[in-house]
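Shared chain: chain A. Partners: chain B in the first complex, chain C in the second.
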Partner chain A sequence: MKGIARRLAGHLARGLVMIWVVLTFTFVIVSIMPGDPVQAEYELLLQQGHSPQQAEAQTAMLHRFRPTGSVLEQYLEYMGSLLRLDLGQSVVTRVDVSTILGEATRWTVIPVLIGTVLSFVLGVLIGVYAAIKRSGKLGDALTLSGSLLRGLPDFVVALILAAIFATLWPVLPRSGAVNILYEPGFNLDYILSLGQHAILPIATYAISSYGGWILAMKSSVVTVLGDDFILAAELRGMKRSVIFRYIARNAILPLFTIFALSIAALFSGAIFVERIFNYPGLGMLLINSIGRRDITVMTGAFLLITAAVIVANIVADMFYTVIDPRVRRAGDAA
Partner chain B sequence: MSDVAAMTGATVTRATLRRNFWGSVWRVLLRKPSRLLGVVLMLGFAFMGSIGPMLYDRPLPRDPSVQFASPSLRHPFGTDFQGTDVFSLLVIGSRYVLLTALITAVVSVLLGTAVGLVAGFRRGALDAVLMRITDVNLTIPGLPLLLVLSTVWEFSGAWEMGLVLGLLGWGGLARAVRSQTLSLRERGFVEAARGLGLPNRHIVGRELLPPIAPYIAMNALMSLIVAVYAQVGLFFLGVMPVIGENWGVMLNRAVFDFGAMTTPARLPYMLAPLLAILLLTIAIVLVVDAMDEVFNPRLRVE
Partner chain C sequence: MTLTTPMSPDGPPSVRIRDLTVVYRTAAGELPAVRDVSMDLAPGTVTGLVGESGSGKSTLALSLLNAVQPPGRISAGSVDIGGLGDVVQLRGDKLRQARGGQIGYVFQAAQNSLNPLKTVGKQLLDLGRSHDVKDLRALVAEARDLLARMGLDGARVLDSYQHELSGGMRQRVGIMLALVLNAHVVVLDEPTTALDMITQANILEIIREIHAERGLTTLVITHDIGVVAEVADEIAVMYGGRLVEQGPVRAVLGDPHHPYTRGLIQAIPRLTGDIDEAQALPGRPPTLTTIPDQGCVFRSRCALRMDVCDTVDPLFQSTGDRMVACHAVAPAATFTTTTSESEREMTPSRAWSGIGSGRREPAADGDGVVARETNEGDSA
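So, the complex of A and B:
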């Protein structure tokens, strides 16, 4: 257990360093942004007749950026406000950034999760099949489909799906998260509309990540197939179903590390998917805020996406440590 | 006298080796004709990017009377909003796309190989530092970073774009090269080289690098694909200025400005760059598949 705790501590420390790197990066970006939006706001308030102190306090409250003072002071203040999880208000709408982010997050997290689970189950099953039949025609074709799909970026998949199911054969809605005609709430029309709008984004997530699962599962199964314990099980005359369970249990382990990478990739992919389907998630928020130069929302969305990816990585690694006794013991010994 | 004999012997073996290598390449290609297709497609794209744009007079002819024409013999992918032939736009745009991808691949492969080799060979504190940097490079999602970066720097030129994408994309290769270096450096032939007192530069360049080189080459090809997606994606999202000639700008205009998704008649305009990206992906995947088998004889099913 001590090994696990130490490992977790190490990961957390590294995660914090990464988040610090990202924070510093955003600070630098905002400070060198052309037409300094913070300064502009400050000067506007001065012109409107506010006193310098008032204007400064007002600007800092909005943006978490002090318009005056040395770079170091500004940097420390920015870091301090973010440590208090205070992200400021939107420059455009004056709504709290945390509220905006909370609203957008569900529209990204739920479809991404459903899509990931779908593609995981499909990819693992097909991957096992492709590994067992790897010298056959079908196994070969499945593997090739895997390497092609893994290569395909989300936006290509999304555009092709949209072209087929929303333009050429218009059975699914192409834009938005729900039909605005329906009243939000727990009624059938609304829920059906939600589901309909979610099909294409979820299908995009599932299709664009499933190729990776097939390939990973296949190569993992092929490795396990050559292990001595499988041969021993066969020699002891064990049932095929039991042997299959041995294979599956051992082969699926390495896939958990890919899980984190997959979620990370999907969070980036969500930017394209949400832009194409006009879906109001985090990616859309990031794009829109960049377009409007709404720096507080932009930095907030960027920080949230990166933090989510960093945390996903840590969780996946810890999960892997907990379920695989070999890694655990190696950690204890070290 | 014996020296000369040894030298000629060596040249003969080297020449034979080379012939055997190309022979095996040819055999691997012939075993699955799809791989031959991959090579042909790759050559086609190389031609398209290098010579292709010179075949057209600029500015491209416009014909306002045939806006969004459907595909025909004269216009294989129809025409765009100004009545310009979409196929010629595709060919002209390929130069930027392929050049950027090439620069990205070169930058990320050089960085990744260097970091991986140094970290794996030197180990110790330098290794720890380099691997932490690699972790950061791998973990922080590239696309959001590029989007935020685009607010302060318009890296839309081919060289800037390639450099930025390359700087973001070397982590995976560095980690893989390091782990292979770690296992290779314990082998007998490296120990022998060290025992002979050969300089580190020789050990890294002549002993460690060659066995990893095939892997690096395949990685370079795959990073071409990633680079194409990233740059086309950036232009497609519209955070880069929607000017210039490349596939991403075409996609952006088709989807967001000219309703390719709402009007079936305008679909070919959008599908043309998508098809080009698909074909390029297929070509690279097939070539990598063939390379894998050339360099890993164990994969061969004779």
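So, the complex of A and C:
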């Protein structure tokens, strides 16, 4: 256990360093980006007759970026506010960035999670089947379907689904997260509308990642089937159920890492899909904030996506530590 | 040590392999990896099975557990194991229970024969449950005992994962798992390959000790004649899927009859003397696709090759203290036993049936006759 705690502490430290690096990059990019709205606002306030001090105080309070002062001072101020977990307010709407992010995250995390879990479970089961039947026609067909789907980017899947189910055969809503006519809350109409709107994005996430699961699981099972300990277990007269558990546990091990990473990747990968379905998640938020030069929201979204990837990495590694004794004991010894 | 260590009222089981043929499905059809092998493992003996890679020795070993892996299958013959009957006919749970229960199989040390995600102890419990062992505590105690006798700290090993054990330790764990359910027939597949010399000697000593202690019938598969000399009572030599010579270790190694066995022994470099004294056999062993489908499998590399070798399979027959399959050797011996008498009589009829079925070229006709005449002439 001591080993696990040490490992976790090491990961967290590295994670924080990585977040700091990304934030610094973000800061640099934002400060050299053309069309700085803070500067624009500052000049606007000056024109309106405010004193430079007043204008500066107001923009700083609003945006967390000091329009004057050295770049270093701006940077330190920005980092300081982040340390206080203060993301500032939206330049455009003046709403707290944390509120905006929280709202958008819901629309991304839930559909992405459902879609990924769905495709993981389906892909793993079908992958095992394709591995066992690998010399048959059905096994070949399943593997081929995996290869084809794996080559298809998520936005293409999204467009195809939208074309079929929202345009050619309009059974599902084309855009948005819910029909605004319904009262938000725990009522049937609202929930049904939520579900209807979520089907296409979820299906997109599921279909676009499912091919990868089939291929990964199939090759993993085939590798394990060829391992000596499986034949050894058979020659020792182990029950089929025992051998199946040996295969399953060993084969799924590498997939958990990919699973955690793919969830992180979908946070950012949702950009295209959310744009296509006009779904108000993090991806949409990021695109819109870039378009409006809404710097605070933009940096907040970057921060969140970075944190999600880093946390997913840590979770994947810690999970690995728990389920793979080779990693666990190595940590103990260190 | 033969027959002096009865473990049960019926005595320890022995193994009788008869006319065993194992084929592998390939693009060129089903090709035999083991052909017409007949062999006895006497109760309480250690038999060393030697042969080059691809000679079919591992396939033969797997046949003892009826565990030839697809695309291979046992196409003919029987493997009778005392107390079990013909293993080839066993199916389903009976076959599964026989594996591990009555026949233990020990893997090569370098191969990883343990589940990397479970401790040895947990895998031992899996084994016990698979074989419906009622008293798992007793099983664990027995395992600890076996490991202790092999010089290991049983409790610690049972609590270890595979990656925490050395090659020699893993091999001892493999032996423990093969014996813990009281198997009486044990197959060791290259038990010392990939181990260093000291560990190798250790493992061989353990094999001998436990073999004697438990009155096992043991088959050791190896390509190392030194291992056989060290540990075995009997030696069996395989070439191209055939058994070419079998007999007591001292007799066979001291005076090999089959030209292949002779070549093998000449190829071993000696500690004393010039390295050039070791002579490699010319040519290469046949693969599954290049094994001739008639005649002697060794003839292309044989110094004693005769016309008859091209067309007629030499029979595996007794020549006094051993069995040999060679036209150049077998006829010289005097036949006394009834089995060899009946086998000898089968030679011509087999040759004829092959010709009669039309699968062979007409040109073989004459050779078949010659073969029969040769056989009859020599035995007279």
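Quick note on the criterion: the second predicted complex is superposed on the first by the 328 of 334 C-alpha atoms of A that agree within 3 Å, B and C clash if a C-alpha of one lies under 4 Å from a C-alpha of the other, contacts with A are read in each partner's own complex, and residues count from 1 in each chain.
By our rule, contacts are C-beta pairs under 8 Å (C-beta built on N, C-alpha and C of every residue); 3 or more make two chains touch, one makes a residue touch a chain.
Please read these numbers as outputs of a predicted model, since none were measured by experiment.
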| message | Looking at A:255, would you say it contacts chain B, chain C, both, or neither? Reply first, second, both or neither. | response | neither
| First (chain B), second (chain C), both or neither touched by A:246 | second
| For A:174, is the partner it touches chain B (first), chain C (second), both, or none of the two (neither)? | first
| said: After superposing on the shared chain, does chain C or chain B touch more chain A residues? | reply: B
| said: According to the stated criteria, A:234 is in contact with first (chain B), second (chain C), both, or neither; which is it? | reply: second
| field | chain C-touching residues of chain A, taken from the complex the two chains share | value | 227-229, 231-239, 242, 246, 249-250, 253, 323-326, 329
| request: Write out the stretch or stretches of chain B touching chain A in their complex. | output: 132, 135-136, 139-145, 147-152, 222, 225, 229, 232-233, 236-239, 251, 255, 261-264, 267, 270-271, 274, 277-278, 281-282, 284-285, 289, 301
| remark: Interface with chain B, chain A side, in the complex: residues 14, 17-18, 21-22, 25-26, 29, 32-34, 135, 144, 147-148, 151-153, 155-156, 159-160, 162-163, 166-168, 174, 264, 267-268, 271-272, 275-276, 286-287, 290-291, 293, 298-299, 301-302, 305-306, 309-310, 313
| said: Taking the touch rule as given, give the residues of chain C at its contact with chain A in the complex, in rising order. | reply: 62, 65, 67, 69, 96-101, 105, 107, 111-119, 126-127, 129-131, 161, 163-164, 174, 177-178
